[in-house]
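Next, two complexes with chain A in common: one pairs it with chain B, the other with chain C.
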Partner chain A sequence: MKPRTLLLFLASLTLIGGMARATTEEAEKHLQTAVNEVITAADHTSSSSALETTVRPILEKNISFDAMTRHAVGPGWRQFTQEQQKEAIHLFTTLIIRTYISKFTPGEHPIITFKAASTPAPGRVEVPTTLLYKGSHYDVTYRLENTGGWYITDVVIEGVSLIANYRTQFDAQFKEGGAISVIRSLTRSVDEKR
Partner chain B sequence: MKISFSSLRLILLGVSLPLLTGCATLSQNKPNPATSTTVNDKRDGKSVNPSDDDLDDYKNGVSIADPLEPLNRGIFWANHQFYRYILRPLSNAYDAVLPQPVRTGVYNVFDNVEFPVRFVNDTLQLNFGRAGQETGKFVVNTVAGVGGIVRVSDHIPSLANVPAADTGQTFAKWGIGHGIYIVLPVLGPKSLRDTVGLAGDYALNPVTWISFGVIGGIGSVTTLAISTPDSARTLHGKLDTYDALTRNTLDRYLAIRTAYIQNRKQTALK
Partner chain C sequence: MKNTKLELSVGIFVLLGIAAIAYLTIQIGTGSLITGDTYPLEARFSNTGGLHTGSSVLLSGVTVGRVEAVRMDPSDYSAIVTLRVVSGVRLPTDSMASVKTAGLIGDKYISLSPGADENYMTPWTRITMTEPAIDLESLIGKMAFGSLDKDKDKKTAP
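Our next item is the complex of A and B:
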């Protein structure tokens, strides 16, 4: 390899490395802003029922519910009609928001420590964090995807992936009766008295 | 009643090893890094990338052999009713009778006494650094924390967040598979490996020794009821976790099974 070619090759590697770092930092910054927004909103809300109204717009802005639903349903997603896909996303969004909000108790302030992020694949970033909440420590990892901006696509609490958990349940429903069965059980869960 | 705990553990291991090895299938729940996709569609301002790979991201879901599923589902249903109508009111009563500082003190004392469970398992895992941390925690909390009532170690950074080791985790680190999935009455989800591990935890718990060695009979059962890891003092938190995991689900049984296996996998990595 000629010295100039080698130099160019090394320069391009450095550039790619720098770009990857910048991308990871961008995702981390985006996540930190989103998490802080949620915590601030939760701090200023006195009841669990009001929390959903306050936090919902922040979550909708920062979470890709489309990607979450597709990941949770899996390959069966291709067999959903466009209408069914829209309905599934709408229902699943409600479930995810409720699940996320149920982790909060008004008046309890979590302390979050962000750790070094990793890039499992281009356009994907995983940010591990430690959460100190009600005197206990929890490992929480956020998975983000760059789909025209950084969006959260999964939250893993103490090793339990929110999406992997739903995937098992969706798989069983899909095997039983396809998209109709998935949507029926989603509707039943959303309508369930809390 | 005199029990040789080392013998008990060996017997349990001997009985369970052939059953445990190679039975379970636990696979990654992490998205496959090779399945990165490109942006090719947009909906509601967020891009959608419905390629085949993307949809298969979680294909290697978490699984465990569940040949007893019909029986397990029956016990799970009974447990659900028991938690809802018996344990939840009991837990509320416990919380109402004892003020928070007292509850915290009770929790701390028993947690401190359970030091041998964590120390022995850290040692069996050859994690001597963590065994040392556990010893440090025990000494600090016993001496400065008045017999463990106050967790002084929480204010010492090197001792503040030491992951608790258990026997099931030790088996996992030794390469023993989960075996089959079992739902135990009252105690809930366990794999065969962790059921044997639970017996090991009981055997290593000094409260068990005192209960059966000194008190005996009904007294020992009562002492165990408040001292074991699944007791009244930890009930509230466990029921809250159970509620959080079973709310907003399509199938409670599958939600708990998947969460349990994922969480135990994470514990084995700590």
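Our next item is the complex of A and C:
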């Protein structure tokens, strides 16, 4: 290899390494901002009922509910009509937000420690965190994807993935009665969380 | 003379039996009993919980492959598992791999759950959507004994 080619090769390697680091840092920063926004909004809300209205726009801005619903439904998703997909996304978004809020007490401040992020594949970043809430420690890993901006696409709590948890249930529903059955069970779960 | 012949044939029979058992042990151990063409995939886990070479790879409860190798990535201490999946099984790119346990204290295996993407994984694709082995002991410990930090919080609370 000629010295000039070798130099170019080394320079490109350094550049790629630098870009990967920048990407990971960007995703980490995005996640930290999103988490802080949610905590600040929750601190200024006194009741659980008002929390959904306050937190929903922040979560919708930072979580890709489209991707989350698609991943959670699994192979059956391709057999959904466009209207059914839209309805499923809307219901799943509401279900996740209501489930999230039901675990959250206004005034109780969680302490989140961010650990070193990793890049399992280009355009994907995993940020492990430790959450201290109401005296208990939880290991929470956020998975982010870059789809024209960084979005959270999965949350793994104590080794259990949100996507995997719902995929098992949706798959069983889909095998039982197709898209209609999935939407019906989603509607029921959303109503129960009201 | 007759006795010598009989002893010789029994000896050969026993040797063949031992050779067959040894062959099967090696084949099952390395997962070579999966017949037909296979393709390799990689999966990254934060904890494999003792998964080993030859462990089963299941999809809908059906064995579709074997674990070929388990190694550690020294850059972030994560575990990289190489799987061999039968060629007939095409997996969408958002498929998930989870480390599961057969029963409460059984052997570890990998469970695959296909996703919704229209693109499929090609050989040596790395599965990034994974679920590590669940540390049952630590979960039971947390449930049974609570968290030490409860007391610490009370002390530091203003």
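Operating definition for what follows: the second predicted complex is superposed on the first by the 192 of 194 C-alpha atoms of A that agree within 3 Å, B and C clash if a C-alpha of one lies under 4 Å from a C-alpha of the other, contacts with A are read in each partner's own complex, and residues count from 1 in each chain.
Definition applied: contacts are C-beta pairs under 8 Å (C-beta built on N, C-alpha and C of every residue); 3 or more make two chains touch, one makes a residue touch a chain.
Bear in mind the structure is a predicted one, so any value in this text is a computation, not a measurement.
In this overlay on chain A, chain B clashes with chain C.
In the superposed model, A:T93 makes contact with neither chain B nor chain C. When the two complexes are overlaid on their common chain A, residue A:H137 makes contact with chain B and with chain C alike. Taking chain A as the reference chain, the count of touched residues is higher for B when chain B and chain C are set side by side. Applying the stated contact rule after C-alpha superposition, one finds that A:A172 touches chain B and leaves chain C untouched. Legend: residue contacts after superposition of the two complexes on their common chain; A:R78 is shown touching both chain B and chain C. Of the two partner chains, chain B is the only one touched by A:S185; chain C is not. Once the two complexes are laid over each other on the shared chain, residue contacts for A:T147 go to chain B alone; chain C is not touched. In the superposition on chain A, contact is made by A:S102 with chain B only, not with chain C. By the touch criterion defined above, A:P128 lies against chain C but remains apart from chain B after alignment on the C-alpha atoms of chain A.
Contact with chain B, but none with chain C, is seen for A:S64 once the two complexes are overlaid on the shared chain. Note on the superposed arrangement: chain C collides with the chain B stretch 55-63, while the other options among 55-63, 73-81 or 217-225 stay free of clashes. Residue overlap on chain A between the chain B contacts of one complex and the chain C contacts of the other covers 70-71, 73-75, 77-78, 120-121, 124, 135-137, 143, 154, 158-161, 163-164, 167-168, 171. Residues of chain A that touch chain C in their complex: 70-71, 73-78, 116, 118, 120-121, 124, 126, 128, 132, 135-137, 141, 143, 154, 156, 158-161, 163-164, 167-168, 171. Chain contact summary for the complex, chain C toward chain A: residues 44, 46-47, 76, 78, 92, 94, 96, 98, 113-118, 126, 128-129, 131-135, 139, 142, 146-147, 149-150, 153.
Considering their complex, residues 29-31, 33-37, 39, 42-50, 52, 54-59, 61-62, 154, 160-161, 237, 244-245, 247-251, 254-255, 257-259, 262-267, 269 of chain B touch chain A. Chain contact summary for the complex, chain A toward chain B: residues 64, 66-67, 70-75, 77-78, 95, 98-99, 102-103, 120-124, 130, 135-137, 139, 143, 147-149, 151, 154, 158-161, 163-173, 185-186, 188-189, 194.
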